[in-house]
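Mind looking over this structure? Questions follow.
By written order: A, B, C and D. Residues from 1 in each chain.
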Amino acid sequence: MIIVMAVNATDEDIKQVIAHVEEIGCQANLLRDSSRTIINVVGEERNLVREQFSLLPHVENVIPVLKPYKLASREFKQGDTKVEVKGAAFGGEKIIVIAGPCSVENEDQLLQTAQAVKTAGASLLRGGAFKPRTSPYTFQGLGKDGLKLLAKAREVTGLGIVTEVIDISELDTVLEYADLLQVGSRNMYNTKLLRELSKVKKPILLKRNFSATLNEFLMSAEYLLSGGNDQVILCERGIRSFVEYSRNTLDLNIIPAIKQVSHLPIIVDPSHGTGRSDLIIPMSRAAIAAGADGLMIEVHPNPSEAFSDGEQSLTPDAFRQLMKEVKAVAQAVGRSI
Amino acid sequence: MIIVMAVNATDEDIKQVIAHVEEIGCQANLLRDSSRTIINVVGEERNLVREQFSLLPHVENVIPVLKPYKLASREFKQGDTKVEVKGAAFGGEKIIVIAGPCSVENEDQLLQTAQAVKTAGASLLRGGAFKPRTSPYTFQGLGKDGLKLLAKAREVTGLGIVTEVIDISELDTVLEYADLLQVGSRNMYNTKLLRELSKVKKPILLKRNFSATLNEFLMSAEYLLSGGNDQVILCERGIRSFVEYSRNTLDLNIIPAIKQVSHLPIIVDPSHGTGRSDLIIPMSRAAIAAGADGLMIEVHPNPSEAFSDGEQSLTPDAFRQLMKEVKAVAQAVGRSI
Amino acid sequence: MIIVMAVNATDEDIKQVIAHVEEIGCQANLLRDSSRTIINVVGEERNLVREQFSLLPHVENVIPVLKPYKLASREFKQGDTKVEVKGAAFGGEKIIVIAGPCSVENEDQLLQTAQAVKTAGASLLRGGAFKPRTSPYTFQGLGKDGLKLLAKAREVTGLGIVTEVIDISELDTVLEYADLLQVGSRNMYNTKLLRELSKVKKPILLKRNFSATLNEFLMSAEYLLSGGNDQVILCERGIRSFVEYSRNTLDLNIIPAIKQVSHLPIIVDPSHGTGRSDLIIPMSRAAIAAGADGLMIEVHPNPSEAFSDGEQSLTPDAFRQLMKEVKAVAQAVGRSI
Amino acid sequence: MIIVMAVNATDEDIKQVIAHVEEIGCQANLLRDSSRTIINVVGEERNLVREQFSLLPHVENVIPVLKPYKLASREFKQGDTKVEVKGAAFGGEKIIVIAGPCSVENEDQLLQTAQAVKTAGASLLRGGAFKPRTSPYTFQGLGKDGLKLLAKAREVTGLGIVTEVIDISELDTVLEYADLLQVGSRNMYNTKLLRELSKVKKPILLKRNFSATLNEFLMSAEYLLSGGNDQVILCERGIRSFVEYSRNTLDLNIIPAIKQVSHLPIIVDPSHGTGRSDLIIPMSRAAIAAGADGLMIEVHPNPSEAFSDGEQSLTPDAFRQLMKEVKAVAQAVGRSI
């Protein structure tokens, strides 16, 4: 942490800052010249509270030097982390595709979709059993019955299962069935849930909140990592912006930006990220070209009858086309699918 | 719901839409002319799934007519709702001010602040016991000990207590102590928590998520109302935008916008809303001038030593000045404080 | 400017930075300790190009210390600037209200509006003659004929005239008629136009671009000031955000934020700022409570027949009500109207 | 345009709307049922002013049916438009790459860059002669001398020249030298300049404003098209959002979204779009995978000495690498480079 004193700071002001630095067990090194005084704080920066300095008299600026996250950073671990889920390794050379319906609706719908996405090349099956919905008047998911159907689909197809856990009270139930536990966009800041999941022995798919900065995204990952769970997969799914032609603005820039600073694998969900079925295939190609480690795609046998998110679901036919096109791009960037 | 068919829609397409409308128990009325066909759907719109129509062949547009919320709307209840907390009535002629530290830190800090804000005219005491923090490495609140200190402060000052509940697992504990339960910005979309709180016999302070639209904000209130809790107070606390000079962008426009469509009281939190102590007084005046029913203000005896949010905390002196200035504005808009 | 070297910076890297600093006529002072090397650059910072340092090997961070604007800053001029337009002084104790139609449509409409706003207490008359419209197919303004009508309205009512100049080619014509020249939101970044206006002997009303940061806003003012025109009035008129209930998000936070760092007067345009006639009165009250020096309000004798912006125009009756309510708030904050 | 009347609309209200519809030469067709009255307005919608209906008594909603742009739409022209610039055809099978320095600085810098980008496979040379800068104190471009250097570089390398025109007063000068005239992000709403450019016989590169919606972007293209210039190339260059890790948020979603509704070619500028040289290559790959027709890339022989935008400039070596990687992706999506 670097503290810049104002031009009119007195010796007394500077002494007060130094005293405060030393009080919390750090060391203060000074640079004084005609223009200003700069104090370099040496010590464990992540425990410091910025305001405890910025509010002292005549402190002009307090500049953090270290990143706020540690375990999630490339400084902590240089090589890429691989997270394995039922034989699918996220973060390796192979692009992993998760596909399935937004909500589990019934056995037919789920099995039909599961078979279709498996045939087309998906590695894991997604499906919502507990659904966090904006309206209290709309379908809230089948709950445990949905999980049972997912387990049946796994049995039939061999595909591992990805499903969301929306509350600690459901965690044990979800743990019984899921191979990969999803933390939804609305729960990315739910530190209570993250702490519980940090103790779990299963991999976590952490979706970016639609208004999260990169630092906030990695700080949520840090909650998981710091509690002992190092099987964390990140997922970009669109940010909220002013644009009117997509439900969210899929932000692919975060893919290479994350790869610069973190060792964690990151995948992309263009279904939620755009909210428009006609944008999913081109944005899936773009995600892989940008360096994503995988995709999560909503597929429904009959989108116009879906209980939720029909507008952003692909038919099985369209999903097959997606896999074909994504495969070509994957090869172009030196990866397989 | 109004369905606009594309210019090239066939009789078959139109029949399919009508069949679908009738299947879900609604009635379809048609307007056909040379330019296009429009279908007016008569029935309980809030149960309809938009996509089930928008994805049918040659449907060009599906336009909702009713608002998605019902119990929170002025159509449902014309007069203003009043919510009483320990003698303070939100939504009436009187402006209610909640004040106190971001986090409860220790007995001295809390009692000193409580006395000061009471003397200055605050009606309720705020203080965080369970804190949702971005970093796993920073202070996470005193938990139940913090609640006990709040209870003590209530005993001493007579001020009712406002504190956040961040997880269902802590609900019973918080209920024991709090007079007004706060749902924080990060939990506004936590429908599981909202459902639990809808069964509670205590009033709820629902903070707007920093990226919530007006509709989403009222839909979260609708979760509370539809479960049976009609003691709901809304709170604007800043949205996330591109601006660089305030931590959030306090959005006062939502005050008169909410008043147009909803009967619920709404207050403003300029501390989180701006993140800058030097903006709090002018924005508090502005909030009351815009029609807010109250304020929530962070006060700390020594902001530079606060465990959290020091940069946006007022000293007791500054809070007294705030109360004086806000009082003048309240009178100018025909209210008291 | 402070340059922070990376932990692994070599002596050679540090030498290269120092050489570069000296090459451009500045002085480099060093702080080296076990944790890192920090270089304080002493000299005229505003001429430096940040990248010329940030891209040198092992430079970790380059931190500007000075604000990018100078003449617009409080450091340069401590007291508030007053700008007088036809007897109305912006930036003083009195709140100045500009009112009138979005577009000048015809003599009747303009004179009727001018009389009404004068009677209600407005100090200046606004009216668009050259209109920058989103669509090439909609009304583009009466041009010079509109200016002539404005001049006539001035003659009849004595009100000074505020109108927009949208291109250098029209500047001479507008200068002939206007008392206060408006730079519209879309032109705030038009540095070519700003440079021309900096040489003009008339006051300028500079509207914030709907995506401008505070620094960018003041840098546009700096263009005017640095060219010699010190009669600059700022105007907040709403930013673009994700919200759905107002056309723009009127950002009153910038009022106290500007007052902290700049001596220039700032007014608020709640008509464009909200885009909703029913929000204009409460947000006008709030603007004055936040510390604004004036208001700009769209008034039309018959909004449903306006050629542009009808949805955000007040009737003369509503404008009278606005003036009454704003007056009470102005007094509450120690000002008059 | 469809007009939805409020539930409590009287016969008189409905008559008034019909009268207004007929007055402006359109036809009103009615659907009345127990729930509400809907009026279908048949006629030239683009000339209608929405407010003239929305403000009539008891009009609840006015819904435009047609897109606001016409000549830029796929309905007007189904096939893709190709725009040729010095032998490079935008909008065809081949990906076109424009490369060069942000600003023309001197002959050496420009010729060295021009040779390097030509060798690497660029089709056109970019270079700023007139620069719109945020600060009045920084380099504003070489002006006409810059254009002469560009002409020399064209002579030497055979590459066509792309440069920005920032004001009508410079248009004739720029026309003398440029092969493709760029309208910068800050000028996208400058309708005066667009009108002038619509009469020009040279192709236009229209950059999206950093806060423009898709409709606004195409409406600016419509200004060019409606004035007679049909050689329009669109360019996405990043939007302003809350994210902190890139200067702008490159919004690739607009590529497939534009392709759905418009026949115009669209390219991507990842240099401005991200503001970070380390994101340019992955986002260039992603842009082509998303369906872009070309790229515009900033290249400088020595970015740390660039007069502007050094942080987002590639070295010639990095640009060669970019071309190699983009080529592979282009082939994967069935295109060449």
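The working rule: a contact is a pair of C-beta atoms (placed from the backbone, for glycine too) under 8 Å apart; a residue touches a chain by one contact, two chains touch by 3 or more.
As the structure is a prediction and not an experimental result, all values here were calculated from the model.
For subunit C, the chain with the farthest CA centroid is A. The chain pair with more C-beta contacts between its two chains, of A-C and A-B, is A-B. Chain geometry summary: the mean Cα position of subunit A and that of subunit C are 39 Å apart.
The geometric centre of subunit B is 31 Å away from that of subunit C, both derived from CA atoms. Subunit B has its Cα centroid 26 Å from the Cα centroid of subunit A. Chain contacts: subunit C has residues 211, 240-242 touching two or more partner chains. Taken together, the subunit A residues at the contact with subunit B in this complex read 46-47, 49-56, 68, 132-140, 166-169, 186-187, 189-193, 195, 210-211, 216, 219, 222-223, 226-227, 240, 303-311. Across the complex, subunit A meets subunit C through its residues 2, 4, 29-31, 33-36, 38, 40, 42, 60-61, 63, 65, 240-242. By the touch criterion stated above, subunit A contacts subunit D in their complex at residues 211, 213-215, 239, 241-246, 249-257, 260, 273-274, 276, 278-279, 282-283, 285-291, 325, 328-329, 331-333.
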